[in-house]
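You will see two complexes here that share chain A, one where it goes with chain B and one where it goes with chain C.
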Partner chain A sequence: MSSTLETATHPERLRRVAIEPLTRVEGHGKVTLLLDDDDHVRQARLHIVEFRGFERFIQGRPFVELPVIVQRLCGICPVSHQLAAAKACDRFVGAETLSPTAEKMRRLMHFGQVLQSHALHFFHLASPDLLFGFDDDPAHRNIVGLIRDQPDLARRGVLLRRYGQEVIRVCSGKRIHGNAAIPGGVNKALDNADRELLGIDIAQVIQWAEEVVGLMRRIFLAGGEEFRRFAAVPANTLSLVRPDGALELYDGGLRARDAAGRTLFDHASDQDYAALLHEQVKPWSYMKFPFIAALGPETGWYRVGPLARVSNCDFIDTPRAERARQELVALGDGRPVQATLAIHWARLIELLYCAEAIERLLGDPDLIGDDLVREGVPGANGFRRTGIGVIEAPRGTLFHHYEIDADGLVSRANLIVSTTNNNQVMNESIRRVAQDELDGRTLTEPLLNRIEVAIRAYDPCLSCATHALGQMPLAVTLVRGDGEVLDQLRRDADGAVRRGPPGIAGAGDGMPR
Partner chain B sequence: MSLLEPEPAQGRAAVLVIGVGNPARGDDAIGPLLLERLRAEFARGGAGDTSAIELLDVYQLQPEHALDLRGRRRVIVVDAAAGGPVPYAHGLVSPDPTHAFSTHSLSPAALAAVYQRLYGVAPPLETLAVRGECFGLGESLGNAAAANLDAALAWLRADLDRGVVPIRARCQ
Partner chain C sequence: MNDAQNAANERPAFTLDGGRIPFTPGQTIMDAALAAGVYIPHLCHKPGSAPHGSCRVCVVRANGLELSACTTPAQPDLVVESEADDIRALRLAVVQMLFIEGNHICPACEVSGACALQAVAYHCGMLTPRFPQRFPRRAVDASHPDFVLDHNRCILCELCVRASRDDDGKRVFAISGRGIASRLIVDSPTGLLGDSSFSKDDAAARVCPVGAILPRRQVFRIPIGKRYYDRSPIGHVGDVAPRLDAEDVEL
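On to the complex of A and B.
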């Protein structure tokens, strides 16, 4: 059930608080809170204020270009888009089953992507909040503050990132703009030198990953009831699972469970996603709100991503990650864990899983094969004109759906990215924070940071490269019902918090990244 | 060679030029396009053997790029700028940890601060901020940005030639 804070009954009588743009989040998003005269929160919304037009960007392009061109949609998880598009395009060439070499090369690249993405999120974005506290000075609550206070931990974060990037590089030949995944397979196998290179450090990577899972577990448990309740919302969960129920990131059936852990559908074909999931449009956000069709929009919204995956699967098929999973799910006492801050814990369990899976793959002789591309035999009407590729990206389930014309040009595209899948659950989480932590209190930067902490747990990636450094990262304006500005709180680009009317934004470097 | 140990400073190209940007977002392509044109010039025979320039394309600066800065005499970050001087602005970057309060990416100043924390000294980091206007998905480079790119490339080429002539590219 959606929160009652989604829409206030008399918004014209309320004061508006806007947090924009969200810091440490890609793209243009903002949060608005409507407060009454006693500072009670009456409405809370996470808005997406940029229209991305992904589908129009893709239409008209030859399908063989898709795995390369879609990487330009997002600089944060280009490999996920590459692989989802390649899986969709496999169907255009009749390659329902890939060669073992091709599938394992794609999996290896994917594990590298998830590992480096999860490392970036924890060490760069999340750990300053978790280690220093939500109330810490924002000028210190960042990656550089982490390096100063926890140099060894921060160094490990940088090096884990680098390891994941190197996995991607050896699989695709480049750090970015790789073209390894092609319709029907891959264009290269792993060579022995690269396999040896990655093998040198994998034991160390696993050890570090296991230690950081332990650190996160201790942080979460030390947070006690506050961490369990913070931004917690009873959500349905959606993820891919392997046929035997194991955690699966590259290919599997769709499983959805309700907030009590009851199965809604299981091992559903990803090709049927459009019948299982529908999308709702709301007038106040450009981002759609997907929901489980059988439940409807009011109760059918769901969570994707690390916590959903770790909760949904029956087991993880690597030993260390499975032990860690069991410790997390035990907290739920038979029901799915719904604590938003547990997403960080689940994310690191997946980081450990990826490290173990990479180690296992590096010992697999199929990676050094020469059977790279498969192509089917066309039927009487040629190959399929519809291709759907679904993958578990770092932030959650990612859907790519294309239709092509007789010339192989994309005539229609539909993408549901992970952050869109999490749209409603993120909104519900900030409403929980607004109700529990902000309601009736004078707004301060630490209180507003709690809203951002809830959003950051989902690691939303709204779009690539749309924000401009040098812009004011956080501005909060209190406006009376008649439009008069009552107060403003702003956090400038230098991290300092100032009260008063808007001035010139921090100089920054003016670079739009 | 371990991927988890600092690479030896010796043997790396003296100059690293990092082109930041998404080629599919209009004028945000300035960084990668400048590198593409440098790369083409190197391929046409601008090679020598007394020094080296390495070119690195990135979507955005990330913490691990601090590792790429080690052992360099100069590191120049080329990126499109939403504001600032036309056609471009060149500047030296001082480490500034407060600029780490950002998004998934780092500012050049924050990257310099990460480097300083890791290695104890500030990196020789510069920015070449080339003015852009439009950054929409699927847009191509605008005419004004193209002219700014020409000017920035001419300046960079001359500046590199003054310092490290002749140049040898080791492209990513």
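On to the complex of A and C.
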């Protein structure tokens, strides 16, 4: 199922084009293309240089610190990391089940997290491509252009995100990097004042969320066949689902389906992830390639994230989001929708789901309680020694796996983050773009942007630096097989695209190169 | 004017930043200032413990000499400056050096918000690190069932050394080595806390101003916003993380 564009037969005869840096997700991202003499793409690869510092430097630390330390992997979805680590730590302290207050506080916090991250991604990062077109002037194709042209929409985006951040703040003490989730539960419940505060705006949030789902649906359908085909790749899908098959973001069983929608495994325990999923190392990438073990690396790669979740679940248990889901899945005619741009649509359906779920939770009396932490009987040696926590982060399934020694100090850690799960499918998507859009053509900024549009659909971290500011320097160099530079195209810090080698950074150019 | 006020007025006094601080003979500048409700930043000092003078955070200028307030006896008519710009700069540098000497990672530390070092740093206006981090490699001793000893966070204040010796009569802790190689050691055959006579009921379990001696079961139980120094800065509420003295702490 992998594209033939992963590895060219005779790379030494081909010209290399590198788009570097793409952005700064977990390190550094770039795309390399190999072209033949007729400008046909023979190889396309997305590289993300992941630096796995966390897995190493948490070794030797007391496990109770994990939720607080590991959330610093990310400033966009720290709550997901905090909760995945806390779920793993629950096992260390023998907390098989949490108190209702603790579990619902964690869920509320996570709904706020997914809501704010999805709002950030759509409004700030992705919407300029979708509203203004891939070919729009890059000086305008950004959040500032959005604020100028559609101030009301931009304002809604900011306020939706702020609402999600407020949910996180009242649950965890801070908008970013709070500390609510602790092994066995949480350290605070909601108080009445916070509940009333969140209740004031929730109806407006739901209305805006529903309207933006409608907007994205119209954009997608108006894009016609081009949008349906753009970067589309048939992929297996993986996500958590609730025991009754509903969309689930906090805790559930693993479900995988193939590209035709046939179930590969269902309601599998997240504790068995290591038997279900294996990771492949490829010599050309620092990021591993996870795959479904039963299928093998060639055909076992999969998609995680909003589209995978919305396709995989049997239903969403909030009414408006469920109606929206049915409209999306109908597009597939009984098969999972595979359009990369439909990920945005699914993301907004989830945003709506989060808003509805927050409204429902705010009316739940369990949120205000004092039964916060439970600890079971630790194992014979004082603690259980293995803890695995799996959660649906905004960008997809997130695995945290820790082992501790007899003193409770971390001895080993393995994290499979959403971006890693999507590694192969993102690669396949850019190969599709390279083949469909770049093949045989002279490189231009709008063509390069199409590569980024495809990546952006998967991962907001990858697009945040390039798109929100419109200033991320980007250099593309065309090099002949003998090393001679044939052509160079660069996007400078002022957003302008110029031909020629990168110049000396001008005054005020503070962007990292 | 009542007798008590008369008595106060008759006590000898020195001036601190222009204010009059009465004292009882035998008190240090620090003792008298704290008793009068004037805060002088400090880390190794604890009322009731023998004066120590190791952290140097309480540096003041007394009659033109830079001295530690916690070890200098109060004297009549002494002119003491604590909040002069150059003294504040000196104190800030001392705090910044303490931060680079160990591994003080506030974002991941469970005593963040209830840590005297962090609170003093805020009080002194420390916004950034100033000197190159040393990143020493130090161990975490988690051998004790109730407490974790994290050497990364130790500032060598010796409050635990003094409490174990003077209050607990045990001498569990001592400082070994010299200069930058100085380190806290534990009196046990293995050098591990779990093999020592240290107990959760010891006074030494309750004096650490940072996160070096930590009860292992209660971490992160106090939410952000409710931590001691979330409520008021150290200059108003005083030193030594109150979690150590709070009645409701269950160890």
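In the analysis below, the second predicted complex is superposed on the first by the 480 of 513 C-alpha atoms of A that agree within 3 Å, B and C clash if a C-alpha of one lies under 4 Å from a C-alpha of the other, contacts with A are read in each partner's own complex, and residues count from 1 in each chain.
In this text, a contact is a pair of C-beta atoms (placed from the backbone, for glycine too) under 8 Å apart; a residue touches a chain by one contact, two chains touch by 3 or more.
Model, not experiment: these values are computed from the prediction.
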item: Which of chain B and chain C A:262 touches, first, second, both or neither; value: neither
item: Which superposed partner A:180 touches (first chain B, second chain C, both, neither); value: second
item: Partner chain(s) touched by A:409 [first = chain B, second = chain C, both, neither]; value: second
item: Partner chain(s) touched by A:64 [first = chain B, second = chain C, both, neither]; value: second
item: Touched partner set for A:172, first chain B, second chain C, both or neither; value: second
item: In the superposition, chain B vs chain C on chain A residues touched; value: B
item: Chain B versus chain C as contact partner of A:72, first or second or both or neither; value: both
item: Doubly contacted chain A residues - partners chain C and chain B; value: 69, 72, 174, 177
item: Residues on chain C engaged by chain A in the complex (per definition of touch); value: 107-108, 110, 139-140, 142-143, 145, 148, 150, 216, 219-226
item: Sites on chain A touched by chain B in the complex; value: 23-26, 52-54, 56-57, 69, 72-73, 75-76, 78, 120, 123-125, 138-139, 141-145, 147-148, 151, 154-155, 157-159, 161-163, 165-166, 174-177, 197-198, 200-201, 204-205, 461, 463-470, 473, 491, 493-496, 508-513
item: Footprint of chain A on chain B - complex, ascending; value: 1-4, 20-25, 28, 56-64, 66-67, 79-84, 91, 93, 96-110, 113-114, 117-118, 127, 129, 132, 135, 137-138, 172
item: In the complex with chain C, residue positions of chain A that touch it; value: 60-62, 64-65, 67-69, 72, 172-174, 177-180, 182, 187-188, 373, 382, 407-409
